[in-house]
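Before anything else, here is the set of structures, which you'll find just below.
You will see two complexes here that share subunit A, one where it goes with subunit B and one where it goes with subunit C.
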Partner chain A sequence: MLLYNIRIAAKSLRRNPYMTALLLAAIALGICVSTTFTTLRHAFAKDPLPGKSSKVFYVRMDNWDPAQPYPGDDPKSLPPQISYADMRELMKSTIPTRQTALFISRLFITPDPKVAKPYQENVRLAFSDFFTMFDVPFQYGSGWDRKADAKPEAVVVIDDATNKKLFAGANSVGKTLRIDDRVFKVVGVLAPWRPTVRYYDLNGGAVNAPEAIYLPLNFTPLMQIRSGGNSDGWRNYTINSFEEFLKAADIDWIQFWVELPTPEKQQAYRDFIDNYVRDQKKHGRFERPLNNRVTNLMETIGDFKVVLPQLSAMAAVSVLFLAVCSLNLVGLLLGKFLARAPEVSVRRALGASRGQVFLQHIVECEVVGIIGGALGMLLSFGVLKFLTKVLPGSIPIQIDGTMILSAVFLSLVAGFVAGVYPAWRICTMPPAIQLKLQ
Partner chain B sequence: MLEMKNIKKIYRTELIETHALEDFSLHVEAGEFVAIMGPSGSGKTTFLNVAGLLDTFDSGTYLLDNKDVSRLSDSEMSRIRNQNIGFVFQSFNLIPDLNVFDNVDVPLRYRGLSASDRKRRIEGSLDLVGLSSRWKHLPSQLSGGQQQRVAIARVLAGDPKLILADEPTGNLDSLMAREIMDLLDQINSRGTTIIMVTHSPECAARASREVHVLDGKVLDLERPRVAVTRESPTTAGLASSLN
Partner chain C sequence: MPIGPIFRAMTHNRTRVLLIILEIAFTLAIVTNCVNMIVDERSKMMKQSGFDDDNLLFLRSAPFAPEFREQQYILNHVDSDLRVLRAIPGVKSAVNTNFIPWQGGGSSTTVKIAGSKDVPVRSQVYYNKGDLFGTLGTKLIEGRDFVPNDFDYDQVNGNPKVVIVSKKLAELLFKTPHVIGRQIDDGQAVYTIVGVLDPFYNPYGWPIHEYVFFGPSTVGSFARGTRFLIRVEPGAMKSTIAAIESAMTKSNSGRVLTMTPIDEIKSNFFSGGRLVMKAMTAVIALLVFVTALGIIGITSLSVSERTKQIGTRRALGATRRNILTHFILENWMVTTAGLVLGIAATYGLNFLLVTHVSGVKMDWRYVAVGMVLLWVNGLIATIPPAMRGASVSPAVATRSV
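Presenting the complex of A and B:
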């Protein structure tokens, strides 16, 4: 019966192409706007590490001024990063299965003069676990190992664009690259990689692209690498050397992540952090009440407000816009269906129940919803492609399977909302009156 | 087949009440061919609508095939209309978008029959009304008489016990009217009960009984015309091809 109803719907829609075009255009416009904005929101809100995000944790500790909390709406706000000195202590823990400290810097790259002139590039300083913890994709080689961290070995991982720029896109593993005053051996080349949210560094531009170059973090003291990202501090220091800067226990500029696969490990690590802070309190640090946060990736994305409230509001308004488009069709569909009252009366006389007549007309509305929805999705693909080009940072925003399913669902709902009243009216019309009028 | 007792049907508006049927009582035996006659506004069509479960009534009792159909749900009434009652209308009431085959198919769709069963019934009934070669035609491509034959094929395909015909020849010339009446005769002779509303004395003369209606009541003027049961070679073929 469903196929029969779809056939009747197709005949009905072909009968009046202008009205059909109007119906489809309204649904297409509503679906285009709603899909575009819900996809924008979804791109920032979706889980960037499916299956793993609940095991990867970001560590924060409140080492701020005892006189006032870290600036923020919440009185329990705490600095978003930790100090280099604290990071060194936390790295000693054996509870996490993986852990990495991170910070961003800008260093000079000096390529072969025949290939390119020296230039400054964004460099991510990290430990070896960074690559496996965050599922960083490689096309050649891999990340370095823990031995390379410890020594540290002069190894580097470069991204696809850098590999194309400096090595013509060939497998450059084993080749060398001069960064500042040192020569590094390439051990890995990333595959093209542009997550919508730079989920491993939410503190300094969560929508920025990943960095071009990755170096072992232990080169920080050796090369005196300074952070190119945000730093926070409240205490007045007199710093005369880079070593003193690294030792400044209350200047926060390091992001710190740990992988804790089990609830037991998660609890043990939280206890470890609390005990570390309590111990530091004995040395006159961490004077504020105990306020540590060990949050998994999705909680951290929430804490850093990666999904702007404006984006959520716009997504909600766009769905309301679809509702308005859909409600505007009620009058059109009512006129269309009531004009068909004689045919419906004949069907009723021949044995169609009210339910069957209702279903026939709802199916027609759903056919409009689905076709209009498909057109709307195509439009939305185009709009998002355009937005990707014009938005700063070339943030990739694509309609994924979840958004396609959501658009199909919204199309069906829109069709139903538009058609439920007209379909109810036509199915409750007494057939005898129309038969008499014919 | 049909037993109505003291049926009352009132159409109400804010200003007036119209008593369309007033103590309307009628008994029709299975296999009868009854002609309902009366002037315009006498309640003939209202009676057909009530008899065909297309309209409700205010009081009285109505037994259809020995079943009380006074208080049935919409789906039960629809099922009875679909399986037991066939309608033939003055203006044919074919669906203009559907070709002949699909028009005949409409009641069978609501019965949930298999595709092969529906095809067999449709081809059989179109054959009987002499339109099997026109199955692809749209109603607009057919003459009035052919359209009415399609409407009758639609009824035949459903094989109902009761046919309600509302002035089936009202829009046809006399030649076509005779063809249609011949067809109804054939259908009746295989045992199908027919109740036909008509203004035409010639058509009424083909029925086995005339019932006169005036002011929503049956007048006491009934008279049998011919024997109820008949069988002819044509109708025997008709019956066997549909069963």
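Presenting the complex of A and C:
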């Protein structure tokens, strides 16, 4: 029955190609615009670590100036990072199953002079848990282990581009690399990796690409590595050496993540943080009201306003655009179906039920919806590909399964919504009058 | 004008009328809100920094040669670099500073009037050595620029004694731009104001875009390198970049040089906004087109449905002109109803966007312009089908009744 109706629909659509083109264009345009903008928004708003994002938590503590809150719209806003000294204390906790402190720096890479000249590169300082916590993909080797953290061992993880540049893309595990004044052994090479949002560090450049080089964070004091990212402070220190800088407990430049798989652990960790701050208050620090935030990945992405409000506005507008296209479709379908009244009347007179007539017409609308929707998707692929090129920093925008499914769903809904009234009109038309007119 | 009969005729075609009304209302709401967003983005982009952005060049020198590990060596090298830079033909002036316009950030601290109990206010803060005013192209409206004496202090561990503030910061702190000789305190030290500059605008993550003070200091370290802003002769950017590269390398090759025109940094800063503007413009154009098609489609339908009535009216003496007027008037009434509903939809959508997403309040002028645009659009879209209606021959009425 359905197949028969689809055949009739195809026949009817072929009969009036001009009208069909208009119908398809209306749906295709609507789907193209709405898919493009919702995908664009979704690329930034989606869960970058599916299945795990609710267990990975970002830690913030309000160690700001007692005289005034950290600048921001919210009176409860607090520094986005923590200090090196606090991080050292937090690392002692055994509650998290995994934990890592992070910061970004720029260091000099001195490759084999035959291969390349010395150059500066973005380096991520991390603990071993970073790679497992954030599902960082490897093509050769792996991250280092906790033993390497503790010592620290001179090990390094490099990304695919660096591996291609310095080692011609071969398995370079075991090779060495000179960074600043030390020699590091390569233990892992990342697979090509470019998430839309650099979800493990949302401070300044949340849509930047991941770094090229990864080093054990415990080299920070040994190599006097300074943060290349934002650092916030309010207290005035007289700093004469790097050691004194690391001890400055109210200069915030470290990102801190913990993995807490169960609600019990989450509660225990929140208590641990609150107790730590209460204890520090006794030493004259953390003079502001107790204001700590331990937020899971998606909450953190929300707090850092990664999704530009303009993108959300455009997504909303694009859905309205689809609504206008559907309204248009109602008019066009109404005209098309009513022009067919004599033919339908004959069918009805010969015994077709209202239900059958309705089904025939709604199937025709859905056929239009699906073909138009597919065209719209193709168009949208093209537009997004173009947008990826013109976006700054070549931010990748992937169309994922959810987006394809929602586009298919939207086209079906648009086809149905636009078709239901015209189909109902034609099936409730009394056949006798039309027959008399012929 | 036969408003009554037209209105009664419309009540027989409620669906069609409702469709057009809704379509017009939605269209007005979307178009005006898009225009509102475009204008908002545009106004951000039109904001002037007060600098000669087109001819400014940012130079970063990242040293790797071991002698640069000595801080004093870096500081001394800055002076020779400035001399080298100034001697290059095409270079108007140069300054060693950690201030880079249009990055969307920089460095900041809090300051208050020295000796006061005021809550410190946040301000941008940068240091410089060399010709800051000549390079940026901004003006010293009061006081003086830094003189060599101002640099006579321990630049590695000490604090300068004088600063130059922006007019906006002076007004924020002292409620007056005449602040020469007054003192400010950033918690580290007390500084005497020797100069006031204006204009200054550098978009920052916090609303402190126009507040800044500059201190006299050579800026550079082994870890972060040294940075320069260079103003070149108009149109000489490309050739000057090549000349700088070779002259600076000749003076010391133990470093990596990167140069970025401020134009490029500015264009990067606004690329998101430009994209929003282009996308919104495309949506408006497509939408107006789609709505026009919709009106043509529905009016054509209503014309072909009423072929017999038109024939009858023509047979009873109505002129082509009467028929044309009928359709145009009918559509005008429907469009107007749609626009009235559209005003409500516009403000409704604007309210939702402002409260849930972000954005600025609707300017009524855009609504007015949008209404005129859609009126004209509706009129143009009605004419082809209405003409077809008017050309129906009276003989049609007598056929096959």
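What we mean here is this: the second predicted complex is superposed on the first by the 438 of 438 C-alpha atoms of A that agree within 3 Å, B and C clash if a C-alpha of one lies under 4 Å from a C-alpha of the other, contacts with A are read in each partner's own complex, and residues count from 1 in each chain.
Methods note: a contact is a pair of C-beta atoms (placed from the backbone, for glycine too) under 8 Å apart; a residue touches a chain by one contact, two chains touch by 3 or more.
Every value quoted in this text rests on a predicted model; they were computed, and no experiment measured them.
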Superpose on subunit A as described above, then tell me if subunit B and subunit C fit or clash.
fit
Look at A:346 in the shared chain and tell me whether it touches subunit B only, subunit C only, both, or neither; answer first, second, both or neither.
first
Tell me which partner A:379 touches in the superposition: subunit B (first), subunit C (second), both or neither.
neither
For subunit A as apex, the angle formed with subunit B and subunit C - C-alpha centres, to the nearest 10 degrees:
100
Return first, second, both or neither, reflecting whether A:68 touches subunit B, subunit C, both chains, or no partner chain.
second
Looking at A:412, would you say it contacts subunit B, subunit C, both, or neither? Reply first, second, both or neither.
neither
In this superposition, which partner touches a larger number of subunit A residues, subunit B or subunit C?
C
Would you sort A:33 into first (subunit B), second (subunit C), both or neither based on which partner it touches?
second
After the superposition on A, what does A:240 contact: first (subunit B), second (subunit C), both or neither?
second
Between subunit B and subunit C, what is the shortest CA distance in the superposition, whole Å?
12
Under the stated contact criterion, what part of subunit B meets subunit A in this complex?
45, 49, 52, 54-55, 74-75, 78-79, 81-83, 87, 89, 91, 93-98, 106-107, 109-112, 154, 158
Quick check on the complex: what are the subunit A residues that touch subunit B?
1, 4, 11-12, 15, 342-343, 346-356, 430-432, 435-436, 438
In the complex with subunit C, residue positions of subunit A that touch it:
22, 26, 29, 33, 37, 65, 67-68, 71-72, 106, 108, 110, 117-120, 204, 224-226, 230, 234-236, 240, 308-310, 312-314, 316-318, 320-321, 323-325, 327-328, 330-332, 334-335, 338-339, 387, 390-392, 421, 425, 437
Given the complex, residues on subunit C that touch subunit A span 15-16, 19-20, 22-23, 26-27, 29-30, 33-34, 37, 41, 62, 64, 105, 110, 119-120, 122, 157, 186-188, 206, 223-224, 256, 268, 271-273, 275-276, 279-280, 283, 286-287, 290-291, 293-294, 297-298, 300-301, 304-305, 349, 352-353, 357-359, 400
